[in-house]
Amino acid sequence: MSHAILLISCSDQKGITAAVTDFVFKRGGNILHADQHTDTHANTFFMRMEWELAGFTVPRDKIADEFRSLAERFRMDWHLHFSDQTVKTAIFVSRHLHCLYDLLFRYKAGQLPGCEISLIVSNHPDAEALAQQWGIEFLLTPVTPQTKEGAEAAQLAKLKEKGISLVILARYHQILTGKFLQHFTNQVINIHHSFLPSFAGGSPHARAYEKGVKIIGATSHYVIEALDEGPIIEQDTARIDHRYSIQDMVEVGQDLERMVLYRAVRWHLEKKILCYGNKTVIFD
Amino acid sequence: MSHAILLISCSDQKGITAAVTDFVFKRGGNILHADQHTDTHANTFFMRMEWELAGFTVPRDKIADEFRSLAERFRMDWHLHFSDQTVKTAIFVSRHLHCLYDLLFRYKAGQLPGCEISLIVSNHPDAEALAQQWGIEFLLTPVTPQTKEGAEAAQLAKLKEKGISLVILARYHQILTGKFLQHFTNQVINIHHSFLPSFAGGSPHARAYEKGVKIIGATSHYVIEALDEGPIIEQDTARIDHRYSIQDMVEVGQDLERMVLYRAVRWHLEKKILCYGNKTVIFD
Amino acid sequence: MSHAILLISCSDQKGITAAVTDFVFKRGGNILHADQHTDTHANTFFMRMEWELAGFTVPRDKIADEFRSLAERFRMDWHLHFSDQTVKTAIFVSRHLHCLYDLLFRYKAGQLPGCEISLIVSNHPDAEALAQQWGIEFLLTPVTPQTKEGAEAAQLAKLKEKGISLVILARYHQILTGKFLQHFTNQVINIHHSFLPSFAGGSPHARAYEKGVKIIGATSHYVIEALDEGPIIEQDTARIDHRYSIQDMVEVGQDLERMVLYRAVRWHLEKKILCYGNKTVIFD
Amino acid sequence: MSHAILLISCSDQKGITAAVTDFVFKRGGNILHADQHTDTHANTFFMRMEWELAGFTVPRDKIADEFRSLAERFRMDWHLHFSDQTVKTAIFVSRHLHCLYDLLFRYKAGQLPGCEISLIVSNHPDAEALAQQWGIEFLLTPVTPQTKEGAEAAQLAKLKEKGISLVILARYHQILTGKFLQHFTNQVINIHHSFLPSFAGGSPHARAYEKGVKIIGATSHYVIEALDEGPIIEQDTARIDHRYSIQDMVEVGQDLERMVLYRAVRWHLEKKILCYGNKTVIFD
């Protein structure tokens, strides 16, 4: 059964919840989830409303039009989604395949609702066999300082051709340029192998080892031009001790990365994430 | 500033969210929090709605009357609370004082909003000095098989006299009778020193040691007549290993107990807990 | 580089550590790890000693003979392992393949040192394609009350033929008989999808849902004849709340199961586990 | 019963474990714990050896002399402790008293073995009543830029007078100078209210809020002159979400701080911590 999902943010005002609830109810919508949050610090209101399309008196392609005047009254920033829309997805990897492997299994197991993995992109050939095995198109774009511009152009062309609306950087060790990112605002999810803001940039485990931390982490975030600085979606941590070599930390870290990236992708697919400032609201 | 809080449960029907939201909005209420949950398994709907009394056009002592017809239409089970109501509280302890000590510090630090600790009850004199130091009345009711009935009667009389509406069993090692409990439905919170349903009853750490578990826990729950069987409010766990003696487990367990009991008490005070069947909904 | 590993348990006596250390040192062994534990409750001493074979003056096939008199003096229960010995392993599964899939990836990634996965056994054909893809022999042994005895006989014959010394039950939903298990004492590792001793037996997630627990878990253990009662090797837990359906719990549980089973298998391969009574010592 | 504890570090060489073990055994010592670690990266060996003094043939005041030649042979950095030595301790606080309150309760409960809390020092009078209640001397040393030097001098004089060998900074919001610290190498333990190296310095929770992290932490470490840069002893983390205000984060953080500081102090008292480079080994 299909649902409509409204994601709303605006400056906090009296009556928003009632107005949106009323909008849905008056048109016969059965509300499934309604979650809201007010950041009193930023005086901003956030809402996620999900209702059944069955029985709703407005056809799905007219809902946005119908909602517009209400949205304008409250000066909302808003997005309307439908739960049955397919999100065409590309996964970028380099040589570490643990996150890719994990996402593919979850994909098959039905844990990525609405996702269609249409493309795997890499600067190395390591993932090619896996792509083939799963019947997913593989694009090899080796990157050197000389070829970087061309590689990005080839990637962009292929993403456009395939109608990709979500890019997952599942340990892709190349920095995407602003030129690339402008096509995918809040549509590129990265996994970083540290507990940000600690150890942004390269070799986080070696630096964590050097520092002698007792806990390591992983962080998934939307990608912006500033490296490892985008809105954080999810984090997790694991305890280590002095006996852990850097390689031990890498292995424990990979288990964190798989979980933390998966949760971010899942919440993105379920339209549970709202970005504001450089932060995220994650609705239940 | 004072708020009204409505806790609602009823069988799931279309339009409940809209009706309740509308009720508040039409009377000038500014909604602060609205959280809902549907247990599709039990076909039951749950809601918590919190709004500011300032600007609300119905005086607080008329709100219940005004809401009644709506409640009856949906056959709701409902409770209306006000955030500025004081919850007179009694803490029962035996000889382990870590939870009592912890609650008293949080009380002073302002972490128990709306709570007034009016009484400490014990079957042992150990907590008396602490009660005195904090200026809280102390009731000593030694319990033997012979005196148990009288002890409970004395406790009940004192609770009534003090107008107690919340009883916290902060490691009170006596079983309360059904006769006692009938006066305090979902108003007695216990902390059990195991991860229930494992190791209900006595000596949970010794039994966990014997079993060789690698993780221990603590559980807070509302008390019902069946021992350690009431609706679970909160749980937490901690990792141990083969080096932990029973005494080590007791110490780690006490740190869990303090946290798990505190959270339950806090949520109770904030009216965030709804019981149904033998389970709880904990609203955000 | 190859190492020797001694696992020792005996009643606690003065001088054991010194005697064993001396044994290794006098023969030119470079000690890499020495860990010990005394269960004062059971008056039992446990030790794990690992040293380099390079430079050791006793050839590896004579070490056991040489150690015997010392072992007898302290009435030790002891096992001598070598880090370069291959552990031929069979994985049993039914229809849930997440643990199998996870172990295969770790196998390829080098996270299962010394392991050779030689066989996948199932009562269902679901895992056959995966086995083929990885080039691992697959044995299909459908089980009904009528065929159970024959199925176990076929399994045992194949395990013997392949020289299997470790059986991993990676969500194999059949109970192995004592007849089977007598061939594999402390060599069969199971993953159970609950935090034992809670919810032993079938449908643990449905029962956890019914009970309203706030945390779920998974447990890996050596298999003994009594169902879900063998020595616990590892456990882990994850927080849930009232919004989790049984299916949500199953999914969160699967992520726990993968981790908890992997750790048990890894520690087994590294000879870090010592069983006593019905418990385990896990050396660092 | 009294134990001797040897903490040893030196460059990694063959035979150290055997030599130290032999030293104890030959003199009739019953080894209770022996733990070792080799940092292959730094080619450094670490050891902690604990044995009973009862039955040891060397009187306690001669043990160091007796051990010296062995220590010199391996060029060890070593310390000999006795489990029955009292560690006179001063706790420094400013206005947040949760850690002080927690340590005092654990002190009374016997969770700080060997510790004698002889002094509470503060730049504010807030803790004075608590000190009085516990019968512990209280030193008030208000700090302004003008009085800082004098305040430190007064503190040092009092610490010397009382024979203090451990200083706990239980949320003391003043920076100790190098002049002060030179008297207490690896004897000053601080609790910082962030997961270091993230958010070193002031207002870590406000900065974590701004950053939008999903997990916060606390870190205990030995104090060196560089602010928040000393060897990390222990860390822990807690999950938060977008609903947490800065004040909520402060409260959750305080619960972490109590645990993380306590563990560090306990391990210090038990002589389980060895510093090297700017890191720590924590023996079991």
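Residue numbering begins at 1 within each chain, and the chains themselves are lettered A, B, C and D in the order written.
Criterion: a residue touches a chain if its C-beta (ideal position, glycine included) is under 8 Å from a C-beta of that chain, and two chains touch if they have at least 3 such contacts.
Please read these numbers as outputs of a predicted model, since none were measured by experiment.
Visitor: Report same or different for the chain A and chain C interface, where same means the shared residue numbers exceed half of all residue numbers found there.
Guide: same
Visitor: Between copies chain A and chain D, what's the superposition rotation on C-alpha atoms, in steps of 5 degrees?
Guide: The two chains, chain A and chain D, differ by a rotation of 180 degrees.
Visitor: So which one's got more C-beta contacts, B-D or A-B?
Guide: A-B
Visitor: Name the chain whose C-alpha centroid is most distant from the C-alpha centroid of chain B.
Guide: C
Visitor: Per the centroid of Cα atoms for each chain, what is the distance between chain A and chain D, given in Å?
Guide: A distance of 42 Å separates the two centres.
Visitor: For chain A and chain B, let me know how many angstrom lie between their CA-based centres, rounded off.
Guide: Roughly 38 Å separates the two chain centres.
Visitor: Which positions in chain B are in touch with at least two other chains?
Guide: As it turns out, chain B has residues touching two or more other chains at 243, 284.
Visitor: Can you tell me which positions in chain A touch chain D when the two form their complex?
Guide: On the chain A side, the touching residues are 37, 39-41, 195-199, 209, 211-215, 217, 231-237, 241-243, 245-246, 277-282.
Visitor: Taking the complex as given, what residues does chain B use to touch chain A?
Guide: 14-15, 17-19, 21-22, 24-26, 30-36, 38, 284
Visitor: Could you list, by residue number, the parts of chain B that touch chain D in their complex?
Guide: 98, 101, 105, 109, 111, 133, 243, 251, 255, 259, 284
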